[in-house]
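Below are two complexes that have subunit A in common, paired first with subunit B and then with subunit C.
Right, the complex of A and B next:
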């Protein structure tokens, strides 16, 4: 029963959506029915070849690569910042600056510099999603009991040992929180990237169909995108539970 | 390394260079997201016309005319599509680019409105709310058109919208008028019933500027004149074919992009209207008329841009197909 609740809620929402569209005679260009969106996804259409498989593959590849790059780079940046106070003080404002850039406004410039396609997409996804990883990891690395540090100092432990044996293991729960936020933002980043810098992927189908007010494929694309977001979030949560089973209080599930 | 090996290497290098010389790679920058008027490039690709001409063409989706100018000027693209006044203004400000061919002969700028709003002529726009994206070509050219029809450019109130939100803005009456190319009519008709949708084409009220044009950089023209000539030869041939075989062209386009074929056939059919001119019938598709080019340059000048040099600095008609593809409609 526990695992049936969520699908049930989703199903009820879809039914409400379907009935509302039919009942209030909402025109399709404003809101298609979920059935029509799903038909565009699963059934061959007489007037279009959406080539979903190719576009899904492109988007999945971007999301996975963007997530990998962002987590590795984000954690590395955080460790570097925690390692040296001087670097942190000098560069933290820069990261805040980058994070506050409205990506939509910068994107055409990125496109001019690094061209069209996967690379630019990943850069855009990185810029959108790296900050929570850096901040969370940084907080984890810093929040360590003074007594433990004193003890290590007393035992003549090196800075490297402090990091490897204390700070990094201690920050794991924080890292996973950062990665979970990053997982959904990477999906957003990949789609934004496709809006701007791609001719394939679900984001491309969505923006292309918006132009012609062809709304069922937009909603079909959005359903898939959200599904990928949920899946990646679930995978990170699963990895968290396997890596640090001690960190989660019993009964709390997310 | 012995002498024979060196000789073999030199030979191999010469062979590879020879093989590359046979095909020229061309990065081609579109003006915007895929629409029906992009079908000719995919027709040419599908039919192998680019390949036969020794061209390897990479088509890149667009971000607007200004972006095309930047891409072509910086060499990231070799040839691009841009609204004619934009590269003219770009060149006046120092970009090294020229117009080398025309696409739409009649200007497709248009205004859409609900018929019940009482608008029957462009002068009725006075006091109305117009929805148009900030960087849209319509907005850029509105002051020139307003003067032409005897209005003050400030007589209308603009609201900024997302480019893809144009039909919805009109459908939900968020604005009295939406500026959009006439070719967008099939998409407008999804939001406003066809019998209630009013449309006024600017060109019918004397707006004589050029619109979508092919542009190339000075350095590409100087270093690859033959490739440019072949490219224009192929694309105008493809235009000729596309305009006479619209459904086939759209099904080819739909092999490359996730488009709705019915919508795009309607879209391309309205594009065709803007090629049906005596100029294209007599002088061929793509023909650059010096007098109209002057008018277009004057529109840029009226914006307060200082135009240096002579009009001929801004365009070069020497690469158009010879003999031309005369459009028999």
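Right, the complex of A and C next:
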């Protein structure tokens, strides 16, 4: 029952949507019925305007790569910043600056530098989603109970041991919080990237269908995008549960 | 008892003044005493007199303001052969009990596999057989403190520093752990420096009790406890037991 609630809610919403469109005779270019949106996905290939399989593959690849790159880079940056005060003081303003740039406005520049395609897309997704990973991991690394450090210190352990044995394990719950935020922002980043710098992918379909006022594929694309977002978020949550079995406050799971 | 031996550690005129932004707090006034190999020495003193401070200075966790800590380098490596039981259990909540006990082994880069059996038997020694795979938050406060004792013993330290390890425990558990500690000490021939608020506890356990004055602390007295060993609960009815306790009480009062 627990796992059926969400699909049930979604199904009810779709039914309401379908009835409303038919009942109020809303023109298709404004709001198509969910059925006609989904139908578009299953049109026989030569007749369809889009090769959905190819576009889905492109978007999925971007999302997964962007997420992988951002996670690894974000966590590494945070560890580096926690390792050295000098590096942190010198570079933190830079990261805040990058994060506060409107990436959409910078995207044309990125396009000039690295051209159309996957690489530019991943860079855009990274720029949009790295900050929460860095900030959350950094908070986790810094939030170690001061007295625990004595455990390593009195046996003359190294700074590396302080990180490996204390700071990094202590920060895992924070890291996963960062990765969860990152997982949804990577999806946004990948789609934005496709708007600007791609000739394939669901973002490309959405922007292109808008020019031709063909709305069913837009809605089909949106549904798929949100599905990917939810799926990635779910995978990160699952990994969290497997990796940190000790940190499960009862009744407080996301 | 040990005039002819070299001390394992010598505390010589150690002073500690904490400096904060606009105040100075003189914690250790001038403390000197020796600890000999195999001795069980207790430190008693009023709250805030600097007992924790002194142990942390010995373990290299705090710098001293002046004075000297002298060790016998031929017999004692102060960097690797100290075990510390802190006032709080300080377990790593993401590690299971067994892995918590093995932490010093990892820090000292000793082969972990060869020590797992030892960790299990230490846990059994402190009465925690069967809890190896639990997480710390599944244990009571007393059980957590016992894990921290096993952890302090895993690397077979020559000097064991214990900072009110049983302070937060109920009387019954405390008595039991006192007996266990004596057994461990007799079996392993460790040197133990034991901080406590309990006068009776100090008399029951120790070869010698060092009494510190209130801040800035100095040594008020050093009292040899010549009660028979091995000690059982019955030693508490020994006629000298009460005399020793009273004497420590007076030293604390006067200081």
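Methods note: the second predicted complex is superposed on the first by the 250 of 254 C-alpha atoms of A that agree within 3 Å, B and C clash if a C-alpha of one lies under 4 Å from a C-alpha of the other, contacts with A are read in each partner's own complex, and residues count from 1 in each chain.
Rule of thumb we're sticking to: a residue touches a chain if its C-beta (ideal position, glycine included) is under 8 Å from a C-beta of that chain, and two chains touch if they have at least 3 such contacts.
The shown structure was predicted, so the numbers you read here are calculated from the model rather than taken from an experiment.
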*Could you look at A:12 and tell me whether it touches subunit B, subunit C, both or neither (first, second, both, neither)?*
neither
*With the two complexes superposed on chain A, say which partner A:72 touches: subunit B (first), subunit C (second), both, or neither.*
neither
*Counting residues of subunit A in contact, which comes out ahead: subunit B or subunit C?*
B
*Is A:170 touching the first partner subunit B, the second partner subunit C, both, or neither of them?*
second
_According to the stated criteria, A:104 is in contact with first (subunit B), second (subunit C), both, or neither; which is it?_
neither
*asked:* Under the stated touch criterion, which partner chain does A:243 make contact with: subunit B (first), subunit C (second), both, or neither?
replied: neither
*asked:* With both complexes superposed on chain A, which partner does A:214 reach: first (subunit B), second (subunit C), both or neither?
replied: first
*Touching A:50, do we find subunit B (first), subunit C (second), both, or neither?*
first
*What is the contact status of A:112 with respect to subunit B (first) and subunit C (second): first, second, both, or neither?*
first
*Across the two complexes, what residues of subunit A are contacted by subunit B and by subunit C?*
none
_Touching residues (chain side subunit B, partner subunit A) in the complex_ = 33-35, 60-61, 63, 67, 70-71, 74, 76, 163-164, 167-168, 171, 186-187, 190-191, 254-255, 257-264, 267
*Sort out for me which residues of subunit A touch subunit C in the complex.*
145, 147-148, 150-157, 161, 165-166, 169-170, 172, 244, 246-247
*Can you name the residues of subunit A that touch subunit B in the complex?*
27-30, 47-51, 55, 108, 111-112, 115-116, 196, 198-199, 204-205, 207-214, 217
*If you look only at subunit C, which of its residues touch subunit A in the complex?*
56, 59-61, 79-80, 82, 84, 86, 88, 90, 92-95, 103-104, 106-108, 135, 137, 155
